[in-house]
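Please find the structures below.
After this come two complexes, each holding subunit A, first together with subunit B and then together with subunit C.
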Partner chain A sequence: MSIHKGRGFATINYPIGMNLGGDPSQALVHSNPDGKFGVALSSIDLGQGMKQVTRQIAAETLGVPVEDVYVDTADSDTGPHCMGSFASRGTHRVGNAVIQAAKEARSVMLEAAAEELEVNAADLETDGKGNIFVRGAPSRSISTGEACGAAQFKQGKTVSGRGIFLIPLSDVDPETGEMTPVSCYAHAALVVDIEVDDETGEVDVKQMNSAYEVGRALNPRMVEQQLVGGAWMGMSHALWETTEPYYPERTHGPADFNQYLMPGPGDIAPHDIAILERPAPDGPYGGKGPGEMCANPVLPAVANAVFNAVGVRIDELPITPEKVLRGIKANGGARPQGQR
Partner chain B sequence: MSKKPVQFTLNGESKAVFVDDGQNLLDVLRRGVGDLSPKYGCGQGTCGACTVLIDGEAHLSCLTLAETVEGRSLSSTGGLAQGAELHPLQDAFMRHFAAQCGFCTSGMLMAAKSLLDRNPNPSRDDVVEAISGNICRCTGYEPIIEAILDAAQNGAGRRSA
Partner chain C sequence: MSVEFRKELFADERDDNLNEIGKGTQRQDALGHVTGRSPYFDDHLFDGLLQIRCVRSPHHHARIRSVDFSQAANMPGVVKVIRPDDVPNNFNTLLSLLNFGRDDEALLSSKKVSYVGEPVLAIIASSDRQARDAVAAVKVDWEVLPHVLDVEEALKPDAPVVNEVYPNNSFDYHEKYDHQKLRYGDVETAFAQADKIIEGRYQMSPIEQAPVETNGAIAAPETNDRFVCYTSTQALFFSLGTAGKLLNVSSNRLHFIGGTVGGGFGGKVDSLVEPMAILGCMLTGKPCRFVWDREEEMQVGAPRGAERWYLKDGVMNDGRIIARQFTGYFDAGAYTRLSSYAIIKCTGHLPGPYHIPNVKSDVYCVFTNRTPATAMRGFGVTGVDFAIECQMDKIAHEVGMNPVEFRILNAYRDGDMKAHRREAKNCALIECAQVAAEKANWPIREEFKQASSMVGGGGERAAIPHTVTDEDGKIGDRRAGRSGGGRTRTIAPSSPAPAPAAYTPPPPPVPPPAAPSPAAQQPSYAHPAAAPAYQPSAAPASQPATPEAPPPAAPAPTPVPAAPSPESSPPSARPVNRPGYSRFASNSGFRRR
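After this line comes the complex of A and B, so read on.
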């Protein structure tokens, strides 16, 4: 019995969202009488950080402190339509819709301020701390709260905005079948180091090193956290999880968490991540979406590492000890491919 | 089915409830006394989301018969914060981004508290062992492990509450 070291590599180009049906998402923004803003979405935050990121985007666009914005998500009765939280589309699609809605609300807020200050709205700026002032004359100012209050109680204006993201449908070229399914790509590369036990077929992940290009990291800590958690999911898909271990035969499928295997806290590997920022021209403040690509490169990288370690090419997930062992036996023993 | 009276303390407050034969503690905490901080994950003791402390020891409340806590002292995540002041573990979880969807967080916090209460200076392996009965689907565990080690360094285990 011996332990074989292996290294695998994978790179991905990951599409953000999809262009089927225009991939729409909408947002509504309005000010309360006290000048705090609400953003209504039906987009769902499952913990990825959509609420936080759309809050930052709305505050940045409105020109108000982030504390002055409240995001109400996941209620399709009160929020405008969203396609959903999938395909890594949340930040990019919903973020763009929020920018459009916040721009419209901001212009009403500035018009209201202009009327109160008796100046031209085009000469007004926000300081991001809750004040609107005349460019070049900072003493001529009004708070965002006062401007929103004046709009709603003196001037008869709703400080509100509507936003939608919709990509033009891409026609399919009848000759070549060519189309543009996606408008924005993120990129990643991942190297994984593993050890394979040729007696048990077990694969032990020792180290992951990755680089992710995610446009602008709108909230760097949340991006990093999503990448750490997503890589765990990738490891889990690569080596543990399945509902149909002998598909298409339905036998031995897990019935509960006792049998549905996932790596526990003792099975995780150190993971060094480099986040590269190359702002996307069509992204909200340059942001793309980490989303699913956090997990994706881990799977092919682990499969490549197993081949590198013992010369067994496995093309069905998960890469269980049984499959590794059968592969080693079929080859008449482990065939390490050597490190390059 | 007969009902049995059961009295216990939960986060320092006395509670008295009538429980059914065979009713589990998680159900009594959530529906009987209205503490929603322990979560119902799998209902069979595999996920750890329902973890509470019984006389300081971590237990899976979904597998604990409610009538067995008669006269005992229970703690749940609902009692961790002192008013607006978070428990050092909660604070560390927040700073280390140790929660994403948050469903496992309550159980993780109680498993961690049980560890730090008996071992204020745990090693990384001790932490891994302590949360090995708790499943997290989002974070990849690393931020949780780091948060618990950080809380230990800040003296979370030496705090009496």
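After this line comes the complex of A and C, so read on.
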């Protein structure tokens, strides 16, 4: 009885946003008299970072520091309509709506500044630190707070903006399946190294090496969190989880986290990640949604690694020790496929 | 663990000098989260908050002869029993908000149950304990019916009918077929010319979304005849719209508050708890809380649905895939929820991120006597990606190729036509494969290191091939024992480009290696003549390749003269509404009220 090393590979792409479009999201942006901004959404922060990613998008577009923006999510009395946080649509759809709203608010802020500075608004720039200045003459400047205050108290302008993003609904052809499903795709490739114990059938994930292409990492730390967590979920789908262990039979269904198996801290594999950024032409600052796709390559990569290790193809998830042992037995023993 | 950014890739497509974008700034809500102060729906514990629990079916499939709650209604703490008749508009389907599919599910069922856990009654009591005790005291007289749990069993003519709205146990697509079709090229002819045929069967398991916070909502009367609802939903207006429809309440009388949720992963879209909590509030005039316990979350709450896939690939000895065929069965469980939609998403994703000139797929949304399935991370894609990528590994093994090189050889590139008849753009699969292999020290040959998503696609690879279509699987044929098919036709390409369904290899790597060895200049995939290329039986006259140009070729002869020929419309200008064709009829994305 021995331990067999195996290596598996998979590549995937992933459609961003609700399939076929037709899923609008809206945003409202407005400024207090001192130039501090609020963004009102009805989008949901599930822990994925909806508030923060839209906050950075709003700050970038407005040209103000991120501290000058707070985002409120999900009050139907104040936040305009959003389809919801699913289908990797939050960053892409809501981000674009926030850009549109923030651009409108920014243009009012710059008009107000222009009036105060007695220049043309087209000649103004923001430094991202809270100042508006005349291009080529940085000494002629006004703070964003002063500009917003003047707009509201002197000029009678609302420094506010409305935004919506909609990809129009696509049809589907019944005969050929012709359709316009989405406008952009994220990509990934993953190599997993495992060990299979041919006595117990257990699969131990030793290392993951991956490359994820996310359009643009709008907040690299949050992208990292998504990718690390998502790959863990992929590992878990591959080797542990199911609500119906003997599907399609409904027996042995777990009722709590004692029975519903998932990898614990000791099972987590080191994961070295490379992030690639090919901006989506219609993404907010090129961003795509990294949320869903990061789990997907892990499932097949693990199955392929099991074959490499012991020569058993497991085509039904999850890859339990029982299935591995039955496969090894059916083959008359482990059949390592050679080091990769 | 390490994270690196490969900024050198696609650098000229990006402006990296931005103020806030690209910075790892701390979340605005981090302080609240780490100090335990962020408010979730369950932090709104009103004085006198009432608790709701459901009486649920113990059977996979049963008729309800009678329900006796006389004892339960008089138990301590019980305030109100909610019966199916108390639900103002007790029939819904989640995607009615998009005008997709027919209403097929009750909030509380009165005649029949079709899965273990299906709710038939709800009890409102002063405490959760009292509500549970009262639930246990309800007596339901069940007439147990035969059930079906396997997707392929459910499609047999004599299978029990799971969902009366879809009596064939399959969702009706386009009011015409019992499945969603994808037809691109001619797989049968290509299979006949392939060096190898490789087949596989794959089974994706049902999976629990497993959020730390279970599904729940707290509703309370608000001033001026409104209701406030604190909710765990992932989709505020989806849940608001669903509650408004089931309860026959206008949207502006509902004040939904959520937005900070303890994990979702797709399991908090179904909007089952919000209507019940608000209904309890309407019936009692008091704040009501309806929260699933962990067992309900895991066994009654909708999981990621299981999927079964059959794949068949036609492959040349040099590793080129020339045809791929899918048959897929999504296990929707007893009611539609979102499975019908996931299949459309899945169909648009096929055949995966590869350039394959002949693709055919039939995907069925099947009703079985189990908990309805719903969204979960990667909905419509994760399951088939498992199938595709296991199949890719088998093919690489069969043709003796390095699996990384095999992916790069077949990868889609900018400008390639995809099977759903839109051009690929913004591709990066090859680069991901190269970088992942490099990080894992998995050697690949130089020509594969030099490959690029931006080079080698388009041209002949952008041509839409002659496509064989069929009318197999009309609604009701299967159950009636009619074969329903056999008639096939070939439709001309809708692009005036030359339309060989043969695989067109990408050109040799650009730029070529500095000092290439003869072998390095002869990548195995650059031998189109070495293998018999598929030739369509009726190639059109060759015309310049202008894939974006809308004018189609002449309409193909059609066996159904009355039907409009959808192929005669330019791809990007398809009308949404056609005679007898109502799905996705609304552009609003939101139900008019």
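Just so it is clear, the second predicted complex is superposed on the first by the 330 of 340 C-alpha atoms of A that agree within 3 Å, B and C clash if a C-alpha of one lies under 4 Å from a C-alpha of the other, contacts with A are read in each partner's own complex, and residues count from 1 in each chain.
What we mean here is this: a residue touches a chain if its C-beta (ideal position, glycine included) is under 8 Å from a C-beta of that chain, and two chains touch if they have at least 3 such contacts.
For clarity, every value in this text was computed on a predicted model and none was experimentally measured.
Trainee: Label the relationship between subunit B and subunit C on subunit A in the superposed model as either fit or clash.
Mentor: fit
Trainee: Of the two partner chains, subunit B (first) and subunit C (second), which one does A:231 touch, if any: first, second, both, or neither?
Mentor: First partner only, subunit B.
Trainee: Just subunit B (first), just subunit C (second), both, or neither: which does A:47 touch?
Mentor: Both partners.
Trainee: What is the contact status of A:274 with respect to subunit B (first) and subunit C (second): first, second, both, or neither?
Mentor: second
Trainee: Considering only the touch criterion stated at the top, classify A:175 as touching first (subunit B), second (subunit C), both, or neither.
Mentor: In the superposition, A:175 touches subunit C alone.
Trainee: Applying the document's definition of touch, where does A:188 land relative to subunit B and subunit C: first, second, both, or neither?
Mentor: second
Trainee: For A:83 in the superposed arrangement: first (subunit B), second (subunit C), both or neither?
Mentor: second
Trainee: Count the residues of subunit A touched by subunit B and by subunit C, then name the partner with the higher count.
Mentor: Partner touching more subunit A residues in the overlay: C.
Trainee: In the superposed arrangement, does A:266 touch subunit B (first), subunit C (second), both or neither?
Mentor: first
Trainee: So, A:257: does it touch subunit B (first), subunit C (second), both, or neither?
Mentor: both
Trainee: What angle, rounded to a multiple of 10°, is defined by the Cα centres of subunit B, subunit A and subunit C, with the middle one as vertex?
Mentor: 110
Trainee: Name the contact category of A:300: first (subunit B only), second (subunit C only), both, or neither.
Mentor: Touch status of A:300: second partner only.
Trainee: Minimum C-alpha distance between subunit B and subunit C after superposition, to be given in whole Å.
Mentor: Distance of closest C-alpha approach: 5 Å.
Trainee: Considering only the contact definition stated at the top, list the common interface residues of subunit A for subunit B and subunit C.
Mentor: Looking at subunit A, the two contact sets intersect at 46-47, 221-222, 224, 228, 230, 233, 256-257, 262, 271.
Trainee: Touching residues of subunit B toward subunit A in the complex: what are they?
Mentor: 42, 44, 46-47, 97, 99-102, 127-129, 131-132, 135-145
Trainee: Within the complex, which stretch of subunit A touches subunit B?
Mentor: The contact residues of subunit A facing subunit B are 46-48, 221-222, 224-226, 228-233, 256-258, 262, 264-266, 268, 271.
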